[in-house]
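Below is the structure I would like to discuss, written out as structure tokens.
Letters A, B and C name the chains as they come in the text, with residue numbers starting at 1 for each one.
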Amino acid sequence: MQSKLCECGHSNPYGTSLCQACGKPLDNEVEVLSSMRYEGSARRSQTYKSTIVDRVWNFFSSVKVGVWLIVTILVAAAIGTIFPQEMFIPPNVDPASHYESEYGTLGFIYYLLGFHNLYGSWWFIILLGMLGLSIIIASLDRGIPLYKALKTQRVTRHDQFMKNQRLLSVSHDVEMEEIKYSLETLRYKVREEEGNLFAEKGRFSRWGAYVNHVGLIIFLTGAMLRFFPGMYVDEILWVREGEKASIPGTKSDEGQFYLENNDFILEMYDKNDKKFNSALSSVDGEVAKNYQSNVTLYKTEPAHTIGEEPKLLKVKDGVIRVNEPFKFDSFALYQTDFKLNEFYKMSFKLEEKSTGKFFGDLTVDLHEPETEYDLGNGYRVEILDYYPNFVLNEHNQPATVNNLPDNPAFVFAMYSPSTPKGEKAFVGIQKNIESGDNQFKMSFAGIETKDLTALTVRKDHTLWIIALGGIIFMIGVTQGLYWNYRRIWIKQNEDGIWAAAHTNKNWYGLKKDLEFLSDKTNLTPLEDKEIDSIK
Amino acid sequence: MSELSSTLLYSAFIIYLFSTLFFAMSISDKKQSKAAYTKRWGRIGFISACAGFLFQLGYFITRWIASGHAPVSNLFEFTTFFGMMMVLAFIILYIIYRTNGLGVFAMPVAVLVISYASMFPREISPLIPALQSDWLKIHVTTAALGEGILAISFVSGLIYLIRTVDQSVSTKKTKWLEIILYSLLSVVGFIVVSLAFKGTGYETSFEMMNENNQPTKIVYEMPALAGPANGKQLDEGFGPLFSTPSWMNGVDASIKLNTFIWSLVAGLIIYGLLRLILRKRISAALQSKVNNMNPELLDEISYRAVAIGFPIFTLGALIFAMIWAQQAWSRFWGWDPKEVWALITFLFYAAYLHLRLSRGWHGEKSAWLCVLGFWIITFNLIAVNLVLVGLHSYA
Amino acid sequence: MKKKRLWFRSALLAILVIAVGYTIYNSIFEETGTYISKGDRAPNFVLTDLDGNRVELEDYRGKGVFLNFWGTWCKPCEREMPYMQRQYEAYKEQGVEILAVNVSETNVSVKNFAKRYHLTFPIPMDKQREVTKAYGIGPIPTTILVDKDGKVVERTSESLSEEKIISFMEKIKP
């Protein structure tokens, strides 16, 4: 495990294949060009293999492993799109039977293997974690030695290093000053040593890969932090027009926020609009133009107890539309859904069947019906039972599906001076079940409705981390891919002046630089070995 | 305005065709005064590509004025724009590398993309609320530009393979190359079949249950090979040979499947005819045309295209997409199929870059990867919208 | 030198394993959001019960509270009601109370339901779903056990058997 001393006098870490200073291959089997990817520096991981930790480390240090992880994640992600994920299937169905009934045996297998919740599965998260680990370790293992190697590189390179470069030429009678001048006009940074030249351009692009990896790690960290308590709120809030509701996720101890829905607006495109006429006439229904809630935000006093009638202080008015969330505190509200014309109040008249005469009317609030309605003159109506969303259950008994008044039904008791014991009637929408001897009936007189808006309540403290990661990633990826690191070595040897050049990408651009160089000076044009080999 | 717009697009289309022709002239190797000849036709080809691009830009601007929003809001508009971005990407890479051979393949692929686009409904449609955002133009145009540049890496990679794969014996590689060319021909087949049946005004209708269990009528504009799942034919048209599996439940899934099958069949016929005429593999016939192109340069172009396209694609299809999704749907990421496939594209090209930069995958391996990458992009463009259901299925 | 590297590598690996492990734990065993769960302080609330009495959670400090969220339309809720009533009578003297918070229904429906099952424990009416929201109640029935110090000791959304209810009562008996 000692370091390797090169004949140029530089001491290289164990495992180095090209001398960091002069570039001499330190081993006979070293292929110079492919070693140049990391400057022939020792990948630190390859050097020690003693403990388990080192072995794990070495495993993740490999780019091959990294690529396998990328490909595995890619394939898994693709499998997840074959059938809809669990979060996209209707909320009230049993996933086990849904996949089989919708997609047959394949769907059943898909469900059995747990692919219906692929992106949240433990193994998918582990894969992402392993990818993160691979990014960190592989970058550390390569970035640091690369940095050291590029920093220690010398102007004068070993002959063997020069000879093995892809672009090479030997010239005579060349003025070094001219070359230096031309290189500088090409904006190379030129260094001189013992009459030899070393010109480099765009070294910072070599850091691009490491910068973008840092960005990715920050991004993944942000994605992970989402699962930590308090970082993230995702709730849904339904509010009826004209009503106020507390905003879930906002804490009562600091004063809870309430939202009032002043108006929900749904606009459709006009079919006669000349601009869109032909497109609109080819679709069946109407095309929505705008979903909008006009809201007012309130806040309670700090010492508010949940459930107590809140003392509300108005904060601000606002408009929520799709693409235009409403922001307050660290929260944002998004227009997500709506329900038009939910039943709100129903009116009835007490009617004498024989005469068709009415004896007063009553309006029932479907969210809080009274138990008794006095119609005066000895006429009154009692509500004995109420089914907001009426259905006949398996025992053929009246029941309700849920607490939403979508299909209200009542059991009324009607009292009049002539029927003091009361007559019973079951009344629902287009239903009226009663005993035939009833003298009175409840006749339907009208309905009032209200719209509801549904808003997503969102707080996400991880956003800035995610954004930071994204920005750093973009900087790194641009830096690495839009620039390249070009190097030209000019060395005075006994048989003439050797010129060699290398770039990490875009050889075409490097060659253009070299053409310029040989045009302006006496330098023999450099030959490309790879092209020759193909010819 | 919208008529002017269509005329401009049509003109651009014709000019692109001519550009292809000119580029093809420039690499035909029969003339003696080769260098000058090549240069002249190459220049004419390039100028016409630029002219065509300007006409299409004219289409884009006039359509924008006519509709009041950036015309990238449905499949026709987006796919047309994607074709336009391919031309732009070609122009950029041509300026850098001056390779006429690239034009011979890039221009017809762009033409194919645009003609494919024109098979979708072309009316100017209004924006649904979810699309009413400045991010529509920012996200979609950047993503399309990135994909356009990546498409050029496919074109260059494809030429590389045609140039270098040994055609003297039949191998797995020659077969795959034929499959790639056949799939391009299927797009031609799709266009031919669509135009042919549109010309004759063929129609047959079915009644089927839609997702709400309401009976609906659906109209096929091609003879039904694949009928709708549990559909009843309402007329005496050519009967369906089989019915669409019920798990394919995108909008009008059965019509799309039917059209897809027709395209494959038509592509097969065109392919067969070409084989009969050429009496050898199509790639073998093409190989003699590209023989004097420098494979190393092709490899460099295809890699360069990825290097330029990858950051743009990431910015447009992932980062801008996330910003918009955060604003419109309250979450920047929701595992919607279109999002997932953009991620897959990203991961794929990331793997490509790692293999190339760290593991030295140059030349042929790299070219095959570029072809596969384009397949992923087209899959996301076509299949995800048409087959998989999700938030992006507007068309 | 070598030792330092081993330490560094082990620490980095450990951090990553813990971070990923925690993420998986959270994503599988707990829904994210503003849940009130085991170990949390049960937030105080005030509601009016079916008989018009004011019910405040804080007043039950010193007693165990079996806090149940339910609705008349929900079959599993209906099933556990008679068990709850029986155990209410058994444990009332031992310092365990039942609060059966009804989720946003009308007095008429709930009164009829309570009469049908002879329910005598307080039924606070959460008309505006304020408490339901604050406790992050998803599916019903959801039962939350609050001990004499106002701490949540259990939270479950399963339909309870009578044995289970008894074991719950034992758990929060002061």
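By our rule, a residue touches a chain if its C-beta (ideal position, glycine included) is under 8 Å from a C-beta of that chain, and two chains touch if they have at least 3 such contacts.
Everything numeric in this text was worked out from a predicted model, so none of it was measured.
Participant: Take each protein chain as a node, join two nodes whenever their chains touch, and name the resulting shape: line, ring, star, complete or other.
Facilitator: line
Participant: Using the touch rule from the top, point out the two chains with the most contacting C-beta pairs.
Facilitator: Highest contact count among chain pairs: A-B.
Participant: On a C-alpha centroid basis, what's the spacing between chain A and chain C, in Å?
Facilitator: Once rounded, the distance between the two centres reads 32 Å.
Participant: Just how far, in Å, is the C-alpha centre of chain B from the one of chain A?
Facilitator: Roughly 26 Å, centre to centre.
Participant: Hey, how far is the Cα centre of chain B from the one of chain C, in Å?
Facilitator: A distance of 56 Å separates the two centres.
Participant: Could you list which residues of chain A touch at least two other chains?
Facilitator: Within chain A, residues 234 contact more than one other chain.
Participant: Counting only residues that touch at least 2 other chains, which ones in chain B make the list?
Facilitator: Nothing qualifies.
Participant: Any idea which chain B residues touch chain A in the complex?
Facilitator: 66-68, 96-97, 121, 123-126, 128-130, 132-133, 135, 245-247, 249, 294-297, 300, 303-304, 307-308, 310-311, 314-315, 319, 322, 326-332, 335, 337, 340-341, 343-344, 347-348, 350-351, 354-355, 357-360, 384, 388-390
Participant: Of all residues in chain C, which touch chain A in the complex?
Facilitator: That would be residues 2, 5-6, 9-10, 12-13, 16, 19-20, 22-24, 26-28, 32-34, 43-47, 56, 71-73, 103-109, 112, 124, 126-131, 133-134, 136 of chain C.
Participant: Along chain A, where are the residues that touch chain C in the complex?
Facilitator: 48, 51, 53-54, 56-57, 120, 122, 125-126, 129, 132-133, 136-137, 224, 226-229, 232-235, 245-246, 248-249, 252, 305-308, 367-369, 371, 383-389, 399-403
Participant: Note which residues of chain A are touching chain B in the complex, please.
Facilitator: 34, 37, 63-64, 66-67, 70-71, 73-74, 77-78, 80-81, 83-85, 87-88, 102-104, 106-107, 119, 209, 234, 269, 273, 275-276, 278-280, 282, 287-291, 321-325, 332, 334-336, 456, 458, 463, 466, 470, 473-474, 477-478, 481-482, 504-508, 528, 530-531, 534
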